[in-house]
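Paired with chain B in one complex and with chain C in the other, chain A is shared by the two complexes that follow.
After this line comes the complex of A and B, so read on.
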């Protein structure tokens, strides 16, 4: 792969097709407004209120019971939401992938994603209130699943519908019954989609802000909410630590997605856009 | 047996679809009731739609709508121009530089919005950027441009480089070759990048909420909804606005996608003929 790519790339470089200079404004912009702000988060994590170097922030965060409880709560909500999305989404994507019109039908399942999540969340909240469902953990998880299910269905459907039908036919011809075909052929071939789906639901769930507040009437705060709150209160040090923790989750999940898609030769995660 | 399974599968598809669209449909139906409690006490009425224009909150609401479009227009135009040139530049780079830039470009996409939002806030506060539109537009450009780069790069890759060379051989100067040959070939990528940037900017809530600054009073539609509905719940006129947004967005995205699928089918059919 790399050898072939190199020979293809080489002649392109010889062409004066385009000029690198064109990208310099963007490089400068990204340096200023993406790279430096992230470095500042890193720096702020080690500064106290008087801008002197300190490790107090780490101590504060990792010994503060309430912020650890929020972290644990977020992880719990994240895991439950992701599991429900996978349980609902996998059969759905699988059924759709077997249907001739599945490619069009799947559109209807991801369409709500294009409506702002705040509007969808407030709509569900209004309905919960109208039918007297008490707002709490249950409604928060419903809201999360409702919001992020499309992120699970899309990569799963992409992977499942790109499985070569002849593998399944071969398995059937060789005498496998339908559950064996599924377990030994379809499931292993869709692992990359499962992994992308999991990370694409899990990360936004723990990092989003406002959904859990709105759907629990401010009773349940998740990690994203408390990052925002710390910064609003001017507690940049602790807020930065929490952002770093979030960043670690993001990087780990991205690493996992990349490995999964490289293995299968499919880049599922990016096809969303 | 197979038939029962088929019915079961269809029922499952239908139930999930119904749950996904139930809140949307309920909001649309009850937008004609001018109530917040999902009851038709006043019968069928357009009152909620009329109050979009007559409510005491309408000035603030239309202000927020205006801001949403203004910020989306300015930042997506800048993002498209900068991103297109960036893609052309990145395409011309050596392998190593290209990989570094592509990774940096990927970062705002994979990063969680909340972290991107607070990192920009620290930056703006530290360097005393004026609160208001400037911060918001910069923030929106920062998260939109990577998507423009990602939609233009593949078009450059699939382009036949000989065409551009031929233009040079035939006497076009590099600038003319760029405008007359290169740009037309990557236009589809530029257009989809622009549409994406515009949509993402309009849709954004988290980064805007964090960077709008409390004192300026600037709101986009999403931050205005949040500040208004968080406190008292939804007033009837929000049902009307949500309904309009649902219908417009769902119709738009559906049409765009169906057109795309159709075009792909046509292409496949034509190729099959050949």
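After this line comes the complex of A and C, so read on.
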């Protein structure tokens, strides 16, 4: 037993079941399923079909006009979905946070999330077909909003309901009418919720592929669809580059969002995520 | 320190060991593991592409022949590309695979497949009777494969794919259509143009589904170009002759830039006129009449036709399958990997799959056309029994037909097409012209309580299909002479090869066609609507503020003028 011998040699260091030890399974999991795949994508991006080092993949992607248009489409769909989610979600979360039963009611908005999103999307498609709505961009955006709305409402509701009532009362005492109260106290105090809501919606929407494929019969072709097709057809190099581009966009949007939340400098109202 | 790393190791081990069965379960997903013993066989096949019971039976048969038990691992893939990645990167140890023709070509070019002709010669020394079923494979199909893949040049040598692969299932690419909307005359007139709604049928607009698959869509578009004279002018770089003189085979394998560009243009145009692209829901959408026309593979199409509504009065199904004059013929085949350690079991398995019974049972289970020759299956007892089980065949009933003797001792069955229009079939399902109906002698065959004809005593030894009853000749005719299931193999059917280096170009062309050019205008409208909405809300707020400020200024004005500036801000 070499291990036993080693312990005898170094009697001072004793094993302690510290908090750190409990993180090891997580670290191992992250290594196996996050870091290693990312490294594989990075390596694949520089390899061609015969596994030799090349930069051809980059050239292929950045000179292909259609890929760039598809990317622009995806970003636009992401922006539109996020905006609609915010426009619908904010008033809803605001009303719910003012109601005494809001905590229970918000559950109803989260409830659909317990059903697998593919099943929900297929059901949505069936409804559209039943009421003769032509499948296309409209239905895709509807599906996206429908799927990601809870992710917008939840952080907003958490932030809004944790705003101290006394701020609002103070504003009212100082003579502000209801719209001024909202604009000058509630809205600034809920910025952190808005930002986490936007993060939760925008980042997944720019990379979805199943919703767009199902709700448009494959006619709306987004960046996620394109990546999937590249991998399906064995074009691992270009597919990897596209995944990296996607990753860069996620990082950029994260960075912007972080900057915005730091700039606003508000820590009142905790965010859920 | 050591103890800590030991704890880490233990933790890691626990993690890995808890994950391993999970991963193993993933690997054998959909699989049935049979027995346990010395020999192993790993089969890698399409999803839902075999009668799973055959695996256990093969294991028993293998034990009977070799005296050794066999443990079979059956795993599945969903696209040729998945299979190719797994096998070519050596990620899974597999003995037998069953991909499509072009994937077999790619495996052969990578030098991964074993020469089966040599294997059979080698193993025949020890087991001379074990490979007799291989002869059952349809010779016409084999001939067709030989035309395209008979002389493959790989490196300096010439290879014949038929040495490396035994076909399993085959079929055509065609149009699955709704018989209420589209007439057969229309199909004959417009052919592949139907997918572009060349017939200008208003009911078809946005009611067409394409396959979400590069290869099948490309085949459809080049045939369409050929039919309508839309092929590019000039001479093909690959074949050195004008495009309009290319054969079906050359046409679908041509990836010249001029042809790709023309195809892209037409596919982009088509995008505006169709409902969408599918790979799996097309059959259901056709049956539910959500769409009226679908590009389909023969097996899927036949399945859909059988599932669709049947109108007794007009003897028509709601759906039909039509193969235009020129089309694509595809096949999937069994290959043995060079790296396999169980080549004997693999070769015997392939042989077992070529038995008439296995062929019939697979047809019953999958619905596709087996490569086992129909002439062999037709006279085989086990095959007939398997088809009777799945109701592709049924017993002759007195209500359905009358039995006659043609005077020479042959039985004839008289069926009625519609009222008053009759036709005669012999006992094997072949149609017979009867010149003089009066010369026929009616036969009084015994029937059971339900009206099914019992086999006469004198025929019990000679009738190959059943011991007790007569299999309805009409069902035999319907099954074996179905043009959808067993199309005539001519030069107008082309076999598709691997695109090779051009693969990326074709995929990119397909992506451009599917994505359409530019940003869809609906996106801009959406964005505009949102901006407008936000603008209106903000505008309303400021308007309100402005309106509110005015009367205050007025009332203030009566007392003093000083605070007015503060109020406005």
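Please note the rule applied: the second predicted complex is superposed on the first by the 220 of 273 C-alpha atoms of A that agree within 3 Å, B and C clash if a C-alpha of one lies under 4 Å from a C-alpha of the other, contacts with A are read in each partner's own complex, and residues count from 1 in each chain.
The criterion applied here is as follows: a residue touches a chain if its C-beta (ideal position, glycine included) is under 8 Å from a C-beta of that chain, and two chains touch if they have at least 3 such contacts.
All figures in this text were calculated on a predicted structure; none of them were measured in a lab.
J.: Taking the superposition on A as described, I'd like to know which of chain B and chain C A:21 touches: first, second, both or neither.
T.: both
J.: Of the two partner chains, chain B (first) and chain C (second), which one does A:155 touch, if any: first, second, both, or neither?
T.: The answer is neither, since A:155 touches no partner chain.
J.: Just to be sure I read the superposition right, which of the two partners does A:193 touch: chain B = first, chain C = second, or both, or neither?
T.: neither
J.: Does the superposition put A:143 against chain B (first), chain C (second), both, or neither?
T.: In the superposition, A:143 touches no partner, neither chain B nor chain C.
J.: First (chain B), second (chain C), both or neither: which does A:30 touch?
T.: Only chain B is touched by A:30; chain C is not.
J.: Count the residues of chain A touched by chain B and by chain C, then name the partner with the higher count.
T.: Touching more of chain A: B.
J.: Give one of first, second, both or neither to describe whether A:235 is in contact with chain B, with chain C, with both, or with none.
T.: Second partner only.
J.: If you stack the two complexes on chain A, which partner ends up touching A:95: first (chain B), second (chain C), both, or neither?
T.: The first partner, chain B, only.
J.: Return first, second, both or neither, reflecting whether A:129 touches chain B, chain C, both chains, or no partner chain.
T.: Both chain B and chain C are touched by A:129.
J.: Which of the two partners, first being chain B and second being chain C, lies in contact with A:183: first, second, both, or neither?
T.: The answer is second: A:183 touches chain C but not chain B.
J.: With the touch criterion stated at the top, can you tell me which chain A residues are shared between the chain B interface and the chain C interface?
T.: 13, 15, 21, 24-25, 29, 129
J.: Quick check: in the complex, which residue numbers of chain B touch chain A?
T.: Spelled out, the residues of chain B in touch with chain A are 9, 12-13, 16-17, 19-24, 26-27, 36-38, 82-83, 85-95, 97, 101, 104-105, 107-108, 110-123, 126, 138-139, 141-142, 145, 147, 149-150, 156, 161, 164-165, 174, 182, 196, 199, 203, 205-206, 209-210, 222, 225-226, 229-230, 233-234, 238, 242, 245-246, 249-250, 253-254, 257-258, 261.
J.: If we count contacts the way the header does, which residues on chain C are in touch with chain A in the complex?
T.: These residues of chain C touch chain A: 1-4, 6-8, 11-12, 15, 79, 81, 84-85, 206, 209, 212, 214, 271, 274-278, 290, 503-504, 507-508, 511-512, 514-520, 522-523, 526-527, 530, 533-534, 541, 544, 548.
J.: Taking the touch rule as given, give the residues of chain A at its contact with chain C in the complex, in rising order.
T.: 3, 6-7, 10, 13-15, 21, 24-25, 28-29, 60, 64, 66-67, 69-70, 72-73, 76-77, 79-80, 83-84, 87, 129, 134-138, 141, 177, 179, 183, 216-221, 226, 229-230, 232-235, 238
J.: Looking at the complex, which residues from chain A come into contact with chain B?
T.: The touching residues are 9, 11-13, 15-27, 29-30, 33-38, 40-41, 44, 88, 91-92, 95-96, 103-105, 107-109, 111-112, 114-120, 122-127, 129-131, 146, 149, 203-204, 207-210, 213-214, 224, 227-228, 231, 236, 239-240, 243, 246-247, 249-250, 254, 270, 273.
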